[in-house]
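Okay, here's the structure, questions in a sec.
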Amino acid sequence: MSAQPSVSSVFVALVRRDMALAWSQGGASLLALGFFLIAVSLFPFGVGPEPQILARIAPGVIWVVALLACVVSLDRLYQADYEDGSLDDLTLSPLGLVGVAGAKVLAHWLSTTLPLAIAAPALAVLLNLPDAGYPVLVASLLIGTPALSLIGSIGASLTVAVRRGGVLMFLLILPLYVPTLIFGVGAVDAAVTMSDPLPHLALLAATTLVATVVGLAASAAALKLAME
Amino acid sequence: MSAQPSVSSVFVALVRRDMALAWSQGGASLLALGFFLIAVSLFPFGVGPEPQILARIAPGVIWVVALLACVVSLDRLYQADYEDGSLDDLTLSPLGLVGVAGAKVLAHWLSTTLPLAIAAPALAVLLNLPDAGYPVLVASLLIGTPALSLIGSIGASLTVAVRRGGVLMFLLILPLYVPTLIFGVGAVDAAVTMSDPLPHLALLAATTLVATVVGLAASAAALKLAME
Amino acid sequence: MHRFANPAQFNRLADAVMPWAMVATVLLFGAGLYYALAGSPPDYQQGESVRVMYVHVPAAWMGMFVYVVMAVASFAALAWRHPLALLAGKAAAPIGATFTALALITGALWGKPMWGTYWVWDGRLTSVLVQFFLYLGYMALWKSMEDEEKAGNAASILALVGLVNIPIIKFSVDWWSTLHQPASVMRLDGPTIDGAMLVPLFLMAAAYQVYFTVVFIWRMKFEINNRKLSVMRSVDMGH
Amino acid sequence: MIDANLIFDSETRLTGSALGCRRGGRRVFDGLDFEVQAGDFLSLVGKNGSGKSTFLRMIAGFVPKVAGEVIYNQGGKTAAALASEDITLVGHQNGLKPGMSLRNNATFYYRLMTGGVPAPERLQIAADIFALGSLLDEPVQYFSSGQRHRSALMRFPFVARQIWLMDEPTVGLDADNRAALAALIQHHMACGGIVIAATHDPMWVQGNVLNMDQFQPAHGTETDDEGWL
Amino acid sequence: MIDANLIFDSETRLTGSALGCRRGGRRVFDGLDFEVQAGDFLSLVGKNGSGKSTFLRMIAGFVPKVAGEVIYNQGGKTAAALASEDITLVGHQNGLKPGMSLRNNATFYYRLMTGGVPAPERLQIAADIFALGSLLDEPVQYFSSGQRHRSALMRFPFVARQIWLMDEPTVGLDADNRAALAALIQHHMACGGIVIAATHDPMWVQGNVLNMDQFQPAHGTETDDEGWL
């Protein structure tokens, strides 16, 4: 038979497929971006247009909405593959379920959460974020968003066999997002108030590391169980 | 053959089925409530714990999050029926598609958005809403939430044939929610600042009326198209 | 583990423990409440409101303790695929959620006279709230699927993931300088509380513990019976 | 079987002429004529993709036709009334809610179609036709694929409608249940019902055959009136 | 057909003894023994709900067994290696992404299973087996049910794996394609492949038959060790 398949090229294939699907029509990427944009712009309507208030709440609102946009786009991370049977194929591939979870999370981060980090400065302008906040806002999102994808993957895999899993996933994931949120906003607030954001960013990085280990292991275990 | 079926009892049957499904395991109701609860409690993390700031943004945050909770739960309003083929049955029933949309929206409002209005005061406590705001907060939600379900139904029916419709729906619906949001928050702000909330509530009621007409007609048309 | 590994064994053990536990619950609650409400002095700073402590602190401890019980049961359920462990987690969750809710509510009521507000967003309070949400998520996941075994396994994974929250609750007061006071009883260098307060506190803690045992056993038997019934029903259905 | 004395209107007649249908921007069939009347069985055969499912969904009013006309009882009834009073369609999806028991699924279906509550015996009789009696109180999600499909087929006898549209009804059925299906169809025909079934398997029922392969649009027809779209 | 000189290991042998399986908290089958070796065709028959699909998913490692053992090549290979190197399974769902063309779907499947990129001729040959050649560049979303099912079946010849698990492969296929399927299976057997197929239709292939109805758990077995849960 053919030579032993290379696991890394299978991994790359899966990442590329998922990114292609995410960017295609009806895909998650543009839509998460759209959600982010629209939900953030609802706040001036809700809270009123006073610049000081907006500036005060800007980091928090941007982070919270980025987080919601991420969960919304995670909704069908595994479920679409589960429902159409592709997950069977993925399980029979040489990759293993941890690899599958890793590839899908990476694709999700690259195609969906990373664009949020890149778009954030534009929305920060809408909310009057003080100038000092911009670099740290982007840095905190870059460091923190992988944790969002990873933790989200736990929720998505746990609810994969649940119809109408979407809202249940929110319930499971949002509490787990709290540390990421606190450190992320803490870093931006520190920058705005001219104190040192580094400790916050370090804690944020630690959260992402923990999320990597726990997230991939838990997702793989949950997928295995769902396949029964 | 049997007597002409009574359209109203078919309508009631559909409302009752949808409410039963919403409250059942994994149903949308409790989970939308959970989302509402959790998402509102994320804001103090993001924005910081100062009571005055929280009080200032409380009406806006509660309204925006209620709106997001509603959209999230609308996600599969028609899609579940579309995917499992029940929508074929509904179309062949004596009810007609406008009736189907009406029954499903009513069930959604009763089971999912109404509980949000009822839970809102508890969350207002967390956000330090001034006492004067409570009655109007509940009143504005009671008057405005039917519009959320109705407008949401347009988005849900337009995206019914789209896999990963969830985020697309956000994009379609959220801009349409802006008037409801403005009048709703306006009423609560008026009450908090001791001015008259009635004009705002009247506009809100008008929005709901318009949404009823437009929402049901548009949903029925979109469903018809999706069935092809 | 394997001594309890079948329901008959468990039932026998439970029947032996149950009466003692019930008697102990009544006695400990009686003594604890007496000391807490009447037999101990008011605090020189807090006055009578210190008595909330005897309800609040043990409830907070139990909220965490039950979570750990649930997580251990979940681990056993996943590692050895043992159904009894699965049911143990299911039986524990609502009790733990209730304790956590009690800690939250009493804490909030206590906060009004002490801090001037029911609720602040400090690390301790927040992480306890997160724990409450984890309990809710665990229970929601159990209910989300008709296939109980599948649902239970998914919920078990969540319980294990949520374990990272326990150290956060415990050390949040040290990591963030906040309103909530740091540990004064459960310290490596011994308690720093006055003895007159320690007695009722420990009596109440012990009472909560045996109360938990009683309710837990009762709920376990209930869950086991439920499973038996549904299996019998499905056999009758004749598959 | 279920309504002891049910006899459908023997005058019923459904005629289509020069029907054409488009789907996904492409003509699926063209110039299709057919006629069925009370007591008829029409089986649709043809290659995969020849338009059998499309034809059934067109009759039910889901897919609009782009040419030709369907006339029911000399025009005595509109397409909308036809769909909401006389047609039962069971296709590839089974329209069952997985968390609900078969009994609740079926009861809801009955209420949806008639507004009334079915008598328990009626439900039992309908379920027994496909040997589902003992599964009535199980949640549908535990059913095997054949059991699900049978649960969907149960709608035909359960609600009295004259025109049955079946899309591959034999799929996944074991031998006993295929026989039960044939008997059910024959009984419906005897009551004056009409059955149109798309299938690749033998149906064990006598009737007319409509071969969809005849109506494939010729290459190049795409360039006519609506072809530019 | 596709790999001209492909011959699978003729020593391959898969044996199961006293297998038992539980699903949804209920025993599905019990005491099942089977054996297949290179070149074998095994068809699973039995009533709806007798456990055919469950058996296939158990061999693929999805559903855990609660009793008995499956041994591959005298224990020379683990279940995990078996699943990721030797098994292709096509069940009721077809695992196709509706928005992508058949070509992209198939190419991704190939890359997922082998890490390599398939030669265009290979893709063409595999597609032609089920007459899908002309549909290669159409989005799968516009396929009829039979066309979709054929697109799923195309995986068998496309990626060279020795053990083919087919769950109701004939469903919705027209006569030509049923013949193509039979020929494909026969060719795979001639190369030393193994085919296990659950089916209610005649498969037109000689082989052993495993009747799942024999292995239904007796009433009352539920009360043993794990039965109470």
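Chains: A, B, C, D and E, in written order; residue numbering restarts at 1 for each.
As a convention for this text, a residue touches a chain if its C-beta (ideal position, glycine included) is under 8 Å from a C-beta of that chain, and two chains touch if they have at least 3 such contacts.
These numbers come from a predicted model, not from an experiment.
Taken together, subunit A and subunit C share the touching chains B, E. Setting subunit D aside while every other chain stays in place, the touching chains still form one piece.
With every chain reduced to the mean of its CA atoms, the largest distance from subunit C is reached by D.
Of all chain pairs in this entry, the one linked by the most C-beta contacts is A-B.
Placing every chain at the mean of its C-alpha atoms, the farthest one from subunit A is found to be D.
Separation between the centroids of subunit A and subunit D, computed from CA atoms only, is 45 Å. Averaged C-alpha coordinates give centres for subunit D and subunit E that are 31 Å from one another.
Centroid to centroid, with C-alpha atoms defining each point, subunit B and subunit C lie 36 Å apart. Residues of subunit E in contact with at least two other chains: 23-24, 26, 49, 92, 99.
Within subunit A, contacts with two or more other chains are made by residues 26, 162-163, 165, 168, 171, 174-175, 178, 228.
Residue positions 126, 129, 133, 136, 140, 144-147, 234, 238 of subunit C are each in touch with at least two other chains.
Contacting chain pairs in the structure are A-B, A-C, A-E, B-C, B-D, C-D, C-E, D-E.
Those residues of subunit C lying in contact with subunit A across their complex are 78, 126, 129-130, 133-134, 136-137, 140-141, 144-145, 150, 153-154, 157-158, 160-162, 164, 168.
Across the complex, subunit C meets subunit E through its residues 6-7, 83, 86, 146-149, 224, 227-228, 230-232, 234-235, 238-239. Of all residues in subunit D, those touching subunit E in their complex are 23-24, 26, 46-53, 92, 141-147, 150, 168, 171-177, 200-201. Note for the complex: subunit D touches subunit B at residues 6, 8, 23, 60-64, 83-85, 87-89, 91-100, 108-109, 111-116, 152, 155, 160. Subunit A makes touch with subunit B in their complex at residues 26-28, 31-32, 34-35, 38-39, 42-43, 45-48, 53, 56-57, 59-61, 63-64, 67-68, 72-73, 75-76, 80, 162-168, 170-171, 174-175, 177-178, 181-182, 185, 189.
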